[in-house]
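The letters A, B, C, D, E and F name the chains in turn, as written, and every chain counts its residues from 1.
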Amino acid sequence: MKIRIINPNSTASMTAKIGECAKSVAAPGTEIVAVNPSDSPPSIEGHSDGAKAIPGLLAEIAKGEEEGFDGYVIACFDDTGLDACREIAVGPVVGICEAAMHSASMIATGFSVVTTLSRSVPIIEELAEKYGMHRKCRRVRASELPVLALEEEGCEVREQIRDEILRAIAEDRCEAVLLGCAGMADLTDWLSDETGIPVIDGVVCAVKMVEALIGAGLATSKVGGYAAPREK
Amino acid sequence: MKIRIINPNSTASMTAKIGECAKSVAAPGTEIVAVNPSDSPPSIEGHSDGAKAIPGLLAEIAKGEEEGFDGYVIACFDDTGLDACREIAVGPVVGICEAAMHSASMIATGFSVVTTLSRSVPIIEELAEKYGMHRKCRRVRASELPVLALEEEGCEVREQIRDEILRAIAEDRCEAVLLGCAGMADLTDWLSDETGIPVIDGVVCAVKMVEALIGAGLATSKVGGYAAPREK
Amino acid sequence: MKIRIINPNSTASMTAKIGECAKSVAAPGTEIVAVNPSDSPPSIEGHSDGAKAIPGLLAEIAKGEEEGFDGYVIACFDDTGLDACREIAVGPVVGICEAAMHSASMIATGFSVVTTLSRSVPIIEELAEKYGMHRKCRRVRASELPVLALEEEGCEVREQIRDEILRAIAEDRCEAVLLGCAGMADLTDWLSDETGIPVIDGVVCAVKMVEALIGAGLATSKVGGYAAPREK
Amino acid sequence: MKIRIINPNSTASMTAKIGECAKSVAAPGTEIVAVNPSDSPPSIEGHSDGAKAIPGLLAEIAKGEEEGFDGYVIACFDDTGLDACREIAVGPVVGICEAAMHSASMIATGFSVVTTLSRSVPIIEELAEKYGMHRKCRRVRASELPVLALEEEGCEVREQIRDEILRAIAEDRCEAVLLGCAGMADLTDWLSDETGIPVIDGVVCAVKMVEALIGAGLATSKVGGYAAPREK
Amino acid sequence: MKIRIINPNSTASMTAKIGECAKSVAAPGTEIVAVNPSDSPPSIEGHSDGAKAIPGLLAEIAKGEEEGFDGYVIACFDDTGLDACREIAVGPVVGICEAAMHSASMIATGFSVVTTLSRSVPIIEELAEKYGMHRKCRRVRASELPVLALEEEGCEVREQIRDEILRAIAEDRCEAVLLGCAGMADLTDWLSDETGIPVIDGVVCAVKMVEALIGAGLATSKVGGYAAPREK
Amino acid sequence: MKIRIINPNSTASMTAKIGECAKSVAAPGTEIVAVNPSDSPPSIEGHSDGAKAIPGLLAEIAKGEEEGFDGYVIACFDDTGLDACREIAVGPVVGICEAAMHSASMIATGFSVVTTLSRSVPIIEELAEKYGMHRKCRRVRASELPVLALEEEGCEVREQIRDEILRAIAEDRCEAVLLGCAGMADLTDWLSDETGIPVIDGVVCAVKMVEALIGAGLATSKVGGYAAPREK
């Protein structure tokens, strides 16, 4: 099984971290290839960054189809371009926000999300609504860390995220916390230990979900909303 | 007041029709400029067409900002890239689906939409949900006419749309019908006459809505979700 | 274009303020007439005040129809009697809460409302639900100022409202604030300046919205819920 | 226990029928007084009829308070003026639509409503939404019988309603049917027998509900939305 | 009229308290029998306690059917096994959470719930959603008192509940408070007096509601979801 | 990885079929054990059958915990006792309805369900609501085949299901169809071939989902709603 993980931003160090994280949980027999477009913004912070990343993202899906990939992960917590990717791919495509929310809903009655900047909060809230998770999603919180600060890894960054998780536990009546950025994937274990609550990373969940869908013999439905694009 | 109407697809004849329609309803003192990107798909039929149109659309907004436009209309019923455009524009940006739905909700207790292909139905349903119009939107119907068939204007095309409207009246308990494609803008009057129900075109509504917002002194809020993109 | 603005309460000083405010934003060619019934409560604070105001309000609509008005604004933030007025009017009728909420939803991802007394909070929350704005409406807040205190204009009144807006910004994650009473219409600019967030007045929005609907050629649908009253 | 049943329209024969129906189910010790305002429309068919009926309705509540009534029933399926009445009454006030929907929700997983004219359908749908019953309310159906036709009692009228109930059973997957007009109260038993499904009348349910609330020691909360009207 | 009140847990002192409370509000002519299964958990605190109580609960319903009971109350605020009981009973079956929420919705625009342990909060929130009461239910609060602490009646217990009610009034904008455990039934009057807000007990409401349904001639619908179990 | 699949009914032939189906999709290294309680109903058709099956089901989870199982599947489309099982298990517990709905939502914009008897329709609709899938779940349809008819496998049974799927495609605008009973697990491939739409079986999806959750390092959160039962 070949899974292509596409980090829609152009920061290669983040792609490497994501790929490593994905490989550490992939099943035996799953081949992980982590890529990123070269012509997209270095980080996706808001709607227009996301919009600018999509053409490169779609090109990576198209390349994946040529190379025979079985499924895809979109490794940005905004689930950038997810519906458009599904039109182009034959196999399943899973976003990391979607995967984290579906997973959390099966192990907890409610969860909060800790993301980067507050400008991303309405985007993630809209995804929760779209996925039917608005009741389970108690609150989306911003740590006010920019995405790329996560690449300059230092103690303070992870402690800032930990403190926001502790606030979520105290105030939101949440039973799990989702990390709202692919760049936080390497902090999951430390944060779970520090906070005593399941801390869930979307990259890990999405890899396992796309393996699950492929293993269940499911491909993207080509009847209706995800039909292949029409030729012009 | 200068309003820039952006048809996100690259079909210039459709842009011309949209511009004409917009000018016919614009208030005295409103200058309408209708444009389209040259590097986008000739029609937007589904998510990936939409995604491919966004970079050109954002460039048209950026150009508009340089040239001092006061507001913008996105003239595709999928409201392509609307949130991203709002980050870049200072003045208001209005989508034609959004404008038509808000307008309809103030003159009727429920409406149906008649669009082009069935692949667009889930996209418009999701917009209805996003705008809080899912209760008022009785049903989204496909006429199964491709977007560009609307450019080859013939009697059959408009009759096919009329017949779908008549089915909506008979089956959906709707009190108004929205035309779910910018390319139908010139058929509004004829369809209203034929069907005896308010038939609402999004281009007309969006021009009047953006005039209204500007006239009310409102600009896009730069606090939160529509803040200007961060510099990288 | 002739627009009749009906303040459903009987306080003439408030009607004058509303009319002035409306005229200041009306398009060239729009004639504004602001009226109020003489036999309604001096202020509308709660359901029964509203109910008592409706017969006089309907009479003002009927008078407007005889005099050839093209559209109407109901200038009370409870949108008193809005559906009943639509049955009687041929042209569009717009409530100021409705207009403010629709407008806010096109320039911000979320807003709060600052109104007068806490007894009005559930009424406005129910309107938000009815208009499909409950997700966008972060919170309805009471300043605990009675409606008529706004007529005794003094510094303290406007400062009390400003302080509630500042609390809304700090606590609600709102991107705009709606003034939840027609009597606050003259404070908009000062409050926007003081708080740095778009502060939105419903009277202004409703005037521009009803101009927009008329300009788009739309009248109230007479099929179904807003059909003219049956003769008995 | 004294319960005042107010038919908000001015048709005395309907008030008599409602009163009889109420008395037939009242508990021993419950005194039923059925009244109607004299200055309201002869039937309530749509929003403006309802609005015109409210002042007389409120006066009947006020009279009831003076005379020491313990609770009230509003005997129109639009639950005309219900919130306003609650501000004025100390004891509980129950609408017949509300009572029928709450009752149905405790004996069936879903129900349909058969009402008079189609113009009332959006009003009842909005009530279902307000009461949280939109999921349980499968469909609101119009028999297209005007309210007063129910007073000219003939076989055809009741057969027309029966036929609509049979269509509801066949098409809506409903497990009970609500009669959507106080004027149908006398047909309940015959319709249940003919259709083999629980047919529920709101007058009966509301009498028993208001008895239940009073018996439970509950009065209308005077904290917040139903506080007594402010003196001006 | 014979009503069987089933406390699904096996603590007889609680059953006695519930029975007493029920008798104090029952109408003349209503015979109350309060029972509990002997083989169920001593208290229901969470999903698995509830699940273990259901077989005994169903047996009590079956026994009631044999003995000719007209209706049933499930006296646990989780409304344990309510749908299953409805399949077996001919007459109406009412849960105390359901009865309290429906009652509260007719006397207040919003309410909060004060229950025992925080593990019960998501269960009650899900019931609010199921009954369409999620908008009216402002918040479900835990006093962190275990169910059986309510049996060791002491001043501190009732004061702890009172303090949580006072917090609900201050923070939730609620207009009534529901006691979220059958074991609190005897505290209602004292708590109402202390807090100045309607405090609502589910046992009382459910007794009156089931009397009301029976009095209205309503039985559980046997068409669809509550049809009698199929023989195997 | 050891996964215990519990068929909550007592029909061993169905358990065998489910186990076979599960093994055919399990990953290398996953050990599948399929069991059923001996003291539960032979089929689960409605709420009371479900309630009666839960004690045996919980005992099977408890046995699984002793024997060191890593996760569980509840193999009944009503997701019988799911929340109660989660309190007892340390590892993840997944229901087949839940798994099928989450999976479908990642490969299609909307789906229908084809189940056995119409009495199960409201149960599955309530699950769709609980899981946030009510917008994606276009319709739940009954084939009117009893559960055990699926064990007497003959051509007619599978053709009856196929015909209902074809009706779903024609009428519901669905993009995938879920088989609403564990006993249909062996028909998936044939039905997909016959209907040309993704046909999704819950057993397969649940096995892959629970593998995914375990592989992602996730266990049931023990903070809040799924905390271990309290000792009495």
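Throughout what follows, a residue touches a chain if its C-beta (ideal position, glycine included) is under 8 Å from a C-beta of that chain, and two chains touch if they have at least 3 such contacts.
These numbers come from a predicted model, not from an experiment.
Colleague: Which chains contact both chain A and chain E?
Modeller: Correct list: C, F.
Colleague: Moving only from a chain to one it touches, give the least number of moves from chain B to chain C.
Modeller: 1
Colleague: Going by the touch criterion stated earlier, list every chain that contacts chain B and also contacts chain D.
Modeller: C, F
Colleague: Suppose chain centres are the mean of their C-alpha atoms. Which chain sits farthest from chain D?
Modeller: Looking at centroid distances, A is the chain farthest away.
Colleague: Please identify the chain with the largest separation between its CA centroid and the CA centroid of chain E.
Modeller: It is B.
Colleague: Between A-F, A-E or B-D, which repeats the contact pattern of B-C in over half of its pairs?
Modeller: Residue-number overlap above half with B-C among A-F, A-E or B-D: A-F.
Colleague: State, to the nearest whole Å, the distance from the C-alpha centre of chain E to the C-alpha centre of chain F.
Modeller: From the centre of chain E to the centre of chain F is 31 Å.
Colleague: With chain centres taken as the means of their Cα atoms, state the distance from chain B to chain F in Å.
Modeller: 42
Colleague: Among the residues of chain C, which ones contact at least 2 other chains?
Modeller: Those would be 86, 109-110, 118, 121-122, 129, 135, 173, 224-226.
Colleague: Quick one: which chain pairs are touching?
Modeller: A-B, A-C, A-E, A-F, B-C, B-D, B-F, C-D, C-E, D-E, D-F, E-F
Colleague: Residue numbers of chain C touching chain E in their complex, please.
Modeller: 118, 121-122, 129
Colleague: Please output the residues of chain C touching chain B within their complex, sorted ascending.
Modeller: By the definition above, chain C touches chain B via 25, 27-29, 86, 92, 94, 98, 102-103, 105-110, 131-136, 169, 173, 175-176, 196-198, 200, 204-205, 207-209, 211-213, 215-221, 223-226.
Colleague: Can you list the residues on chain C that touch chain D in the complex?
Modeller: Where chain C meets chain D, its residues are 41-43, 45-52, 54-55, 58, 81, 83-88, 117-119, 121-123, 126, 129-130, 146, 224-227, 229-230, 232.
Colleague: Which residues, counting only chain D, touch chain F once they are in their complex?
Modeller: 109-110, 135, 173
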